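Chain lettering (A, B, C, D, E and F) follows the sequence in which the chains are written, and residue indices restart at 1 in each chain.
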Amino acid sequence: MHLAKKVEIIANSFELGKILECLDKSGVHGYTVMRNVAGKGLFSGPQDLDFTMLDGIYIMAFCMPDQVKDVVGNVRPLLNKFGGACYISDVMEVRSTKCVASL
Amino acid sequence: MDASLIISNFLNPPVLFFFLGMTAVLVKSDLEIPAPIPKLFSLYLLLAIGFKGGVELTKSGINQEVLFTLLAAMVMASLVPVYTYFILKIKLGVYDAAAIAATYGSISAVTFITASAFLTELGIDFDGFMVAALALMESPAIIVGLILVNLFTINDDREFAWSEVLREAFLNSSVFLLVGSLIIGALTGEHGEEVLAPFTQGLFYGVLTFFLLDMGIVAAKRIRELQKTGTFLISFAILIPILNAGLGILIARVIGMPQGDALLFSVLCASASYIAVPAAMRMTVPEANPSLYVSTALAVTFPFNIIVGIPLYLYGIELLWS
Amino acid sequence: MDASLIISNFLNPPVLFFFLGMTAVLVKSDLEIPAPIPKLFSLYLLLAIGFKGGVELTKSGINQEVLFTLLAAMVMASLVPVYTYFILKIKLGVYDAAAIAATYGSISAVTFITASAFLTELGIDFDGFMVAALALMESPAIIVGLILVNLFTINDDREFAWSEVLREAFLNSSVFLLVGSLIIGALTGEHGEEVLAPFTQGLFYGVLTFFLLDMGIVAAKRIRELQKTGTFLISFAILIPILNAGLGILIARVIGMPQGDALLFSVLCASASYIAVPAAMRMTVPEANPSLYVSTALAVTFPFNIIVGIPLYLYGIELLWS
Amino acid sequence: MDASLIISNFLNPPVLFFFLGMTAVLVKSDLEIPAPIPKLFSLYLLLAIGFKGGVELTKSGINQEVLFTLLAAMVMASLVPVYTYFILKIKLGVYDAAAIAATYGSISAVTFITASAFLTELGIDFDGFMVAALALMESPAIIVGLILVNLFTINDDREFAWSEVLREAFLNSSVFLLVGSLIIGALTGEHGEEVLAPFTQGLFYGVLTFFLLDMGIVAAKRIRELQKTGTFLISFAILIPILNAGLGILIARVIGMPQGDALLFSVLCASASYIAVPAAMRMTVPEANPSLYVSTALAVTFPFNIIVGIPLYLYGIELLWS
Amino acid sequence: MHLAKKVEIIANSFELGKILECLDKSGVHGYTVMRNVAGKGLFSGPQDLDFTMLDGIYIMAFCMPDQVKDVVGNVRPLLNKFGGACYISDVMEVRSTKCVASL
Amino acid sequence: MHLAKKVEIIANSFELGKILECLDKSGVHGYTVMRNVAGKGLFSGPQDLDFTMLDGIYIMAFCMPDQVKDVVGNVRPLLNKFGGACYISDVMEVRSTKCVASL
């Protein structure tokens, strides 16, 4: 086990593509996305736009500690424009090795 | 006459289930149609109405009447956001005014579909190409709205890609599915109609009814937000549809549409978008307050049109045409 | 006679698909109907049966027969939880006994709907107002259950709001949708029936069949939990429905119901709630163990009624009425 | 003749909606059919086709023709993975070759269903027991694929439980639902058919159409991945289906199948699994690269069969049978 | 970036309204809700009541460190009554500013 | 409040049963599962196999600090074989006591 960082981003689903691009650009190639999350933020009303199919998404990416700075730098402008939230925390990674042909 | 139309509209299952949905929210029942079932219904309705329109279009062919109607649709879709913008500017800022104007320039497919079900029940014919008008009127208002924002703000760093905006305007899922189904309907014609009939026609009315139950729930949930909206916007959300419908009826009379088509056209003019345009506005004009343009369209204009507007406009048409 | 009814019931698609669902779990197939599809089906069934009941109610009108039936429904819904409570108290504590009693006092709409499909297939008529009885019998047991808890526990800080309990009892989504559809059916009458027929009638049997496939899966998953439940409760879950159905049949005979109505009434008495009441109990009597009241109702009583109970009760009715 | 068949196939609503789905991805529309709606459609299609097959099976009974057909199905399902394995080994490693071979040895139910809808439209009969062939051909390739892996790798610690593999092969949800519905159809016969007709038959074509819209989207999304796949596999994914269909047609000719059955049999041979087999392979041969076996089956072979293959094989059959 | 706290609550969906009220009372106005989570706890059996439409919910609220005490005080009685779980952890917030009319 | 550990596992849904067994074996009897998560990992392509109904799952289990070692030991071989990710972090547990008959 060794130290890693967890990046959590909550945003609207139409930004998903852009956020994943940001992650990729920052060298973070692993992520998990959950759709259809609802919420309330500083700016949006409760379940705002819920009907307009712009549902919330929650993105979770575990990455190296030194990638965090890049991720934040890339994601922040997006969140500034469209709203959303981003939080970073410490985790321990359980390393796994997988026997896949593509390795 | 007017009252009897309203009552006959009101006693339709779709409208009654719309009320039932609203009532569920008012009495705090936990009735809800969980996602993505409403999405399934709306995809179905777009597919079915588009397909039917396409089939009918093949039957009627493209003639002068069709061209005039589509032209009128384009004109109204571009004009409405312009004059509503200036009305809205009386009380609101540029961003909010432009976003709401775009919302009212565009259309609500469900209102159109409810009106078509109403006509079917009254035994009044309407033409398949009206679905093409429906498709045509969804997008222009988005473009006009953005042009308004660009004209009236000094915006050095508004850096959205127009290509993305155009895609959102013309290729969003509802326009795309509607137009696609229309083309497929036109290609497969009566043969296609026959094999799909139990699905696209048999279920149509039932699915609309079920969907309006959900729309009632959704609309009622928005009503609470209207407090923040203020009387100006609430009056706007009732009066502008009537004005737009009136204009639509006049144009329909001038170019000689039959009564059924005239009703559908006026309903298109009167209705406001609560899906495609809000999505586009949130993306391109994040400065505008979404609860303003969504709540007025969904919690005021939509119920108004479904319950009062449709029979009212038909009454007007019957007066003028007779 | 009895056996032939059971076999004819057993060879119905809905019952066979129920078995298929149970088999899927037993052989560990990964077959599952993902959420919220079962919810869609159950909303559809409630809407369709409510609407149909409403339409028929307009045809028949409200007469003495209707009133007697609804009164009988009320009586049974209030009485059953009381005497089952005392039976349950032999082995269980107050909380569990009250919660299970409430579960068995209430009804299962799917059992009712399956029984109505069975009658339709045998060509036996039944009245639309039975749907009103269905709606009436869902809620009282919740109230009675809570009264029992309050009577038999020294409960200084049981501080649930009665208003909330009453809302949960009378406005939960299934009661609300059922009653709402009933009223709409009554308002729109035969005209509404006609336009909705392909949806509410054409699909009814198919959706019921599909839904019972899921119910089979759900019920079978619960069977494992029955180990913890013990023989007392398992016997209870089979014998009490028979007792309740028997009482129901007697009452039906006394007030002179026709055979079809009598079957539906006995099925209502015999069935137990596995949705509305458990939800209400979990909220208001959190001390009771949910796996006791859900598993008995869902994994024992429900399959028993679907497979054996319905034809058995009909057999009894045929004996008594002839 | 060939061209006219292709065009008549192409102008079917299901095929056109498949194209519409692919187009949506190409033009980057946001059209999507959210989960679990496609799952609902595919469960429905399996239930309906299985049920129909069962009903017809009761009508026809089990005779020599049926046995020969099912035997042929078993032979092809076991043989195809073997020879495709050796073809694939030219360019690929053991794991990938075995996994792809298993994929092509198995079948795609949607392709089969589309072919049956095509036949229905052309007025060509086919037998209900072909559904049994469909069910029979899904599983053997999984077993054969694993045997190939075990034969050609020195695998001291491949420790999967065969019981689990067999369950996955024979009791996965699609085989289970198909066979279950077939049995229920056979048990309830014409009576069951009648009561379920509006559901299983009326909606069939429409649901297939809607589902193919989604399949078009899914297939087109996979096309991008084909770049990594290379020309060898892409050619494989078009040529092997033609070869397999050709073999199937010859066998069908030899055992004297009628034209409709021959088409369905050739389509079974030509199609590749993109659901059950990939799932089984991912579990049991994690060394194989999923994007190879899923993308070829889904983004090349499936569209090829739907659009070109079905009419092409029918053309071949018409030539040989006349 | 600055320190914040993450509050995670798992509960039954019928408590959602009450829990959100608690958050609001404690001054926590941002939250995200995920529906249809399933689970097993100390008290409930596996997927207990799964069929009864009382599906689990997962609530995630990022807040100021000093709000945690209030949140815990308000939420705990609810969890005691109806079951559920609540956990607190440290995160770093990526501040964003959004240009929304309602600001 | 007292210290606890959060174990997060992302995997394919067909492994769910085995992973839950692992947790149970390690003495971790509380968990929450979210279905239908999508993602991209070191080995899998984007939304790989999305259509094959092998959707991703996200498992979250809060446990005692001393159970972590067991969990990791039991889960790692599974992840090695089938892919997936596992991360551990620190949380504070808000203890609750529930009045359930089965206690």
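Things to note:
Just so we're on the same page, contacts are C-beta pairs under 8 Å (C-beta built on N, C-alpha and C of every residue); 3 or more make two chains touch, one makes a residue touch a chain.
Note that the structure is a prediction, hence the values are computed from the model and not measured.
Path length between subunit B and subunit F in the touching-chain graph (shortest route): 2. Steps from subunit B to subunit D, minimised over paths through touching chains, total 1. Put simply, the chain farthest from subunit A by mean CA position is C. Between A-B and E-F, more contacting C-beta pairs join the chains of E-F. Taken over every residue number at the interface, the positions common to subunit A and subunit E amount to under half, indicating a different-residue contact.
Separating the CA-averaged centres of subunit D and subunit F is a span of 35 Å. In terms of their C-alpha centroids, the spacing between subunit B and subunit C amounts to 41 Å. Among the residues of subunit F, those touching two or more other chains are numbered 34, 36, 81-83, 89-90, 98-100, 102. Among the residues of subunit D, those touching two or more other chains are numbered 35-36, 39, 173, 198, 202-203, 286, 291. For subunit D in complex with subunit F, the residues that touch the partner chain are 35, 39, 173, 218, 225, 274-275, 278-279, 282-283, 286, 290-291, 294, 298.
Note for the complex: subunit A touches subunit F at residues 1, 4, 6, 29-35, 60, 62, 89-94, 96-100, 102-103. Listing the residues of subunit C that touch subunit B in their complex gives 35-36, 39-40, 43-44, 47, 51, 167, 171-173, 176-177, 180-181, 184, 187-188, 192, 195-196, 198-200, 202-203.
Residues 11-13, 16-17, 20, 23-24, 27-37, 121, 198, 202-203, 205-207, 209-210, 213 of subunit C touch subunit D in their complex. Those residues of subunit E whose C-beta lies close enough to touch subunit C in the complex are 12, 14, 36, 44-45, 48-49, 51-55, 81-83.
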